[in-house]
Structures are given as structure tokens and as C-alpha cells.
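Labels run A, B and C following the written order; every chain starts at residue 1.
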């Protein structure tokens, strides 16, 4: 049955392509394409906020362009996303308002929910966000993401909710009504995906080679932090990661893992600007400077499963002072 | 049987110490125990509690509290139980049982205080509780009541030594008369104080619900301790009587011997009722607290053993013994009941206490602690023998025969 | 030293001591809002941050002049054994396995809002201070160790090996240091800020913020917020996500994790001391009611005895009268048949016999009473 559907889709695709290349699609489809998917599904798709209520003005959240090509390579089986086993579009069950077919799970929930209850039997569905969050547990991500929680502001939304400005009001309305032709949809999606701006991360070379952390040196000597080595190794690990490329939307995003809570910049403020040496009565929740260093370093090392140095091997990072006051 | 003569101390020969000093196996054993006890005492007070006891931070209270204090106080309940029965309820045929009961109660309490001195870090500071009264403490209530009750018991008991010494110090007679006139007052005061501190020994553990096993912990522990102390009172009179008849039979007069069996049977009947009531109380409490699941654990089996083997069984034996007029059976039941009370106090204070700690953090009393406890019991027995040999406890003093009181 | 100098010293010592007691007395009175102090301080212990470095133990030993342990503080292997606080070590850090992952927890006095030890002490050695510390004053300690029985956290230790002045010892919240405006030794030494010092109310807010800002990192339960009536020192526990299952956020489910950290969530929310208030409250009742009850029983007994005696006397009298009437009739009959002389003789003999019998019964009754 499933193979049958695939074949059917493939046939439809072939038909659509032929149509584009030959007759009425010829004018719009001149640009490059993303390529073909293994499954035969469209390489990319614009996901409109399909609703059952009449929406003559065509207002709604900006549609999402879903790159099927990239995503299907990351999963083992179609059912990871198509949890019913039927590879239909999400909006056929999950509408903006929720529908009986989708057990009244709204489109917003289906895409964003993170507290999905485990199903007794069958496949536990995943949302875009829950699956992406799970990726953060990967070693190359877990270091930074265990010590800092990414801010979920407009930039974060716009990573997915983006569509080419060439989309017309009419196309949007058609999409919302679910009446857009597959080829037109694919064209819009490819247009968006191919023209998506990519943030170029700041090069590790932009930062200092080494940083002497010695403001607190007392029982231990100052620590010479190999800044460039650390940054370079972090960036090396994610250099081919599409998820990181998509979501690290600013050149300084990686810097912000350690240089957190201040505006992104290549010249961030010193740690001691906020983290005082002794507890700050006005901000008792803020770690003191010593703890801030330890929490950042150890938090990241733990997240990346860096076994050594052990957390209690103090002398590995900073040598004991020659004659401590013991 | 009634033909024996009791040596009544006279002005010239006030002390009758021979039975304590002759070289009988019993006396030799006593001397050995006392000598060992004295040595341990010296070690305890010169090198600290840790040098003789297995107590540690998890087990601040061990055998000395579990046996000497809890069991000591409970088993001395015979004093209030007998005086109330005789004076308040007017059961005059128990009259000959009153003095021995009061004597043992007084000795019991006095030596509870002595034993407590071993357990306290600063024994000489014991009176501090009156200067800095921690009124929120159950222990304060216990201390206050025990201190007062020891005084009351001392006054109640003082009749015997006064009768003994009156031949040499006749002025004592005046005080004796005063005390005898105050008997009923002292009795009622005594039973009030006993109720308070017998129950508050149970209240001591109310503050530690997380440490005591749920089968033993209950908000009604004070009541359980009080009710079981009544059973202990009845049982101890029978239990002590049994040994007295073996050891100091010669110092009993006709009245005592005549009434002894009647006392045993009546107290057995009372003990049977109280133990039944106690059994039902505990059982209903177990049901109300929804503790049935705990019954299927090791502690549950132990609890069932305590309840059936040491509460229900003596209750049944008492019932049968008193109905059949079988004194021997009643005595066996009293041994069973007394063992049950001791078992219950051990359970609360040691066996079911700290039940959540791993077995490696368990507690077992050290040789030193056992020595001290045995030493204290021996002291009580020796003091009892001294009193019985010299004072009119088991017999009526000929000078005061026939006086109504 | 001459005599005058000696007297001066003596006098000033006396004045100083009076002033001292007066000062403490007024202070205690002014601050008497026991048991809850709004402005009291506390410490939040975040077990997800603790790395088991034992710096707190070391600082505690130094700050409080405690005896040095046999094994140095650099030996971290001791954390694997289940240690507890004692007279010589007022704080210890232990390693606990929480769902297979190692975590560390620091043990010390929790400084309860309404401490069980203070409630249990019968010589008033423990006090809860307005700054949050539960302090112990050993000069009036009797050494009964009921505080150790009462403490639900197994905290106080006792100097068992001290012969003359054995005292209970426990964490003081570094009370003397707080007075100087310094942090407790352990808090200051912690390199990870696993210990956060602050007002208790602030700490609860901080703890809540940490729980909500880091979903899946913490168990949704602040140990000590309400446990045992609330404590000044509180603990945040890690949520260990075993097999990718959703982390339980229900506070009731926290017991599983807390138990693995050696924390008991079944202490209830009322102060432990309150468990004894019912029993203590019954004391005045018993004192008032028992004498009435037993006095009444005594009165009833007496009355019953008196009534029984009366009934007995009446019966005896009646019997006696019956005899008298019968005898009288017999004598009269005698008089009729045999003449007055015989009747007189009979009467005299009868009186004598009655007298003798009365004497006999009186003797017998006397004997019985004995």
C-alpha cells in the first residue's frame, strides 16, 4: 500500500515536472531547483496555516518553508514525522483551529509542542521543536546548549517562518484554503530556500589566542585560557551542521554561549562586569565570579562529555599557588 | 506454715544483715555483679559514655533508656495500680499487697533515676530542667512527673522504714501518723502523676515519626504506654510475688500468705481485661492507620509475634488462670506479660527505631551497657532484700498491728 | 595584686555580667516572634552544581576550629561512604546515585523554622534566632540527647568520648560570622555556588526560577520549603532523565529522587514539635480531671462501705429484737405456770448469757478485723 502511494506520488511529481518544463509553468520555473528527494516527495514545501474557517483576507502566521530534502536524510523512516504511517501533509489533519481528524491537536501544537505524552502503543508523534530540541543533546551541541538557553524571540521564529517576498496575497489565500497546486507550492518553496540568507559565523581568528583569567588568583595561579583553541574546536564540530547553520542566525551566536546575556558582539563585556567577587545582595541569584567561571567551564565540558579533567582536579586548569596560606 | 517466726528488729539489733552477708551462691553472684558494676561505673564517669557504651550519633538512646528507663518505669507501675485498687476502689483484701508493691515501685523509680545518671552527659545538671524549664518538651513532663512521683512514692514507702526505726527514734511515729492520714491524698496524687508520665514516655517518640516503624508509631502512643503500664502493674505484682515467695517466704506473715493467692487471681483477672483492651486498641490503631501492608514484611511478622505471643497469649492465660483459680498458670502468664511489656519497649526504643537506617548502622548494646543494666537490677534486688529483711513490708509490725489505715 | 585592685576587678566583672544578661534578655524579648522570622536568612543547596570537592567541609573545620580529620580534605573518595554529621564534622558531603548518575549533597543542620531539637530540649539549650540560625548553648545542657532523637535529619552529634563536659554539637550557621557580616564558611568556600546565601523568601523565588528556567534539569520540589514546617537551608534536586522519558514535574513524584539523595519527603509540613502538642495539651486535663475521678471513686467506695455497715447493723438489731421478744414471751409463760420467782431467775440467767455472748462476738469481730 505504502509503496503504491509512493509510486502514485512519484507519478504525480513526474507529471508536474513535465508540466512545468513544457507548458504553463515554463515562465516561473526557470530558476535552479533543490534537487530530487529519495522518497519522491517534493524537495521543499510551503506549509500554509490551513484552516476550516473562512479567511477571505488570507491573514495568518507567515507560512513555513519546509525543506523535505534535508530533513528526510536525517530520519530513518517517514513515520518519524508522518506518525500515522500515511505520508500526507500535516495540514490535512492538523488545522489552525484543530479538527477531528487530528484529534483536535492544532497546527500550532503539532509543530511546536515539547511536552508530548508518550503513546501507549504506536508511534509517539514529534513536533518540529521537540525533534530539534532533542538534537541539542548531541555532543557537539550539548556543550553550549547545556549552559545557555537560546532566546526564543522573533529571530528564532523567523528561522522557519519565512517565505519569499515574491509570494502574492492571492497565493497566500490559496494556500490557506489548501487549494494551491503542488507545482506552484514547490516553486515558491524552492525560491525561498535557495535565496535564504546564511549567517557567516565569526572566525575563531577574530577572537584572542589566549586569555589570562587571573582576577581571583589566590590559592591558585591564574589560568591561561586557550580561547582560540576552544572556539575553533566548537566551530569545527558544527561546521557542516545544517541545523546549527539555520538557527545560529547571527555571526556571533557561538560567542554568546559563554558571553551570554549581553548584546551580541565580537567585543563582549568582561565576566566581572556582572559577576561580582562576593555575592551581590541585589542579585543573590547571580553566581559569583568564581562560580560563574566554574559553572560555564564545567557545564560545557560535562555537556560535551569531556571526561578529563575531572571536576575536582583543580590543578589541571590552574596550578596551586606556590606557598598557599595553609 | 504459719509457725515460722519473723525476726523483728529491736532497739539493740536494728540491722538484720546476715541473709545478705552469708556465703550462699546467690549472694556471691550478687557481690560479683556489684563489683563488676562498680568498675564499669568508674570507667563510665572517668572516660565518658563512649568508653563503655555502643551509643553513637544515630543511636543516642540505647539499652539504658530502652530498658532502665522505659521498662523500669513501666514495671514499677505496680505501685499506683495496687494502691488505687486497695484504697480508692476499696478492695481491702489487697491490703497486704500494697506495701510490697509500693516498695518495689519506689525502688524501681529511685533506680531509674540512678540509671539515668549513667546515660546523661552532665548528670549533675539534672535539676537544670527546673531552672530552665523547656515546657514544650515531653521530656520535661516526664522529668517533672518522675521527680514528683519519686517523692510521693518515697513518702508512701516511708511508713515502713519509720515503723522499723521507731523503736530507736520514737519521734518518727508522729510523722508516720501524718503520712498514714494522707494516704488517700497521696494515692490520688500518685495515680495522676503515673498517668501523666507513663503516657508521656510514649509521647517521647511522637516527635520522631520518620524514625519509628509505622506499626509501632501512632498518635495514640501515649495511651498505649499508659494502658500497657496498667497491665505491667498487675503483672509485676504477680511476678514479684512469685520471686518473693521463693526467696523471702520467711518474712511473710499469715495475712500476707492468706491473701496472696487471692491477690494473684484478682490481679490476673484485671490483667486479662487490660491486656485484651490493649490488644484491641493496638489492633484497631493498626487498621485505622492502614498499616496492613506492613504486616507482610519482617517487621510485620515481628509485630504480629509481639501482639499475639506477648499480648493476646498472656491475656488468654490470665483469663483461664483466674477462672480456674490456677495460681501457677497466672504466674506463667505474668512472666509472659512482663516479657511482652519489655519486648514492646525494646521495639519502640531500639528494634523498630531507626528502621530506615542500613543494617550496618544498627545498634546492639555493648557489654558495658549490659553490665550497668544488670548492675542496676541487682542493686534493686539487693535493696529490696535489705528492706524486706529489716522493715515490715511482707509482714505487719507487731507494734502497729490492727491499726486501720 | 593588692586588695583594692582585686575588688575592682571583681566589681567590674559583676557589672559586666549583669549587663550581659540584661542585654540578652531584652534582645530575646524584642525578637520574640518564634517560630517564623520573615527576614530570616537561609541557604539554597543546588545539588546539580555540587561537585563533591569538600571545600565546604574544609572551610567548616577551619572556621569553627574543629579537630582535623584523619584523612585530608583532598581525599575525595570518602564521599562515596555514607557519612553523617557528627560532633567533629558539622558538615559532610556525600555521593548519592540518582537513577544511576552520581550526585553530591552537603549535609548539615537544616536550621528549621520551628526546630524539633528546640521543642524537644527540656533545658532550653536551643534557640531559633531572628537571622535564621538555630543555635545551641551548651552551658545548661544536661546531655539527655533527646534533641538527637527528635531531629528528623539526623544532624546533632554528641561528644561521647568526653568524660566531664560532653556536649551536643552541630552546625551553627556560622552565627558569629553572620554577626560580623560575613558569609558562613562553607558558602564562602564553595567554588560552584552550589550554596546560595540569602533571605529565605528570596531563595524560594530563586529556586522556583531555576526550576522553571531549566525544564528537565530539576525536580519540581524545593526540599525544605515546607518539609518539617520549613527549613532555612533548602535543597534542589536533579531530575535525571533515564531513558528519554518525560521528566515528572509533579511535586508528589519528587519523593523518588529525594529519597535517593537521602532526603525524606514524608516528614509532613507541620513542625515536628507540634506532633507532641496534643499529648502535652492533655496534661492539664489529666491534672484537673483525675483527682475528681478518683476522688469520686473513693467517695463512692466509702459510701458503699458505710451503707453496707448500716444494713448489717440493722439486720443484727432486728435479729436481736426478735430474740428478745421470743425470750420475753417465754418468760411470761414461765411466770404464768411456775410463778414470779422462777421468772425472775430465768430473766437473770438470760441476761447473763446474753452478756457473755455479746462479749464473745465482740472479741471475735475484733479478731476478724485484725
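Throughout what follows, a residue touches a chain if its C-beta (ideal position, glycine included) is under 8 Å from a C-beta of that chain, and two chains touch if they have at least 3 such contacts.
What you see is a predicted model, and the numbers here were worked out from it, not measured in a lab.
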item: Chain at maximum distance from subunit C, centres defined as averaged CA atoms; value: A
item: Among all chain pairs, the one with the most C-beta contacts; value: B-C
item: Geometric centre distance via CA averages, subunit C-subunit B, whole Å; value: 23
item: Geometric centre distance via CA averages, subunit B-subunit A, whole Å; value: 77
item: For subunit A paired with subunit C, centre-to-centre distance based on mean C-alpha positions, whole Å; value: 59
item: Subunit C residues within the subunit A interface of the complex; value: 49, 51-53, 76, 183, 190-193, 196-199, 202-203, 206, 209-210, 213-214, 245-246
item: Touch list for subunit A against partner subunit C, complex; value: 115, 117-118, 149, 278-279, 281, 284-285, 287-288, 290-292, 294-295, 298, 311-312, 314
item: Residues of subunit C defined as touching subunit B within the complex; value: 82, 84-87, 116, 118-125, 140-146, 148-150, 152, 154, 156-163, 165-167, 264, 266-268, 272-273, 275-280, 282-283, 286-287, 290-291, 294-295, 297-298, 301-302, 304-305, 369-370
item: List of subunit B residues in touch with subunit C within their complex; value: 45-51, 53, 55-58, 60-61, 84, 87-90, 119-123, 125-126, 128-129, 131-134, 136-141, 143, 184, 187-189, 191-192, 195-196, 199-200, 202-211, 219, 222, 356, 358, 401-402, 404
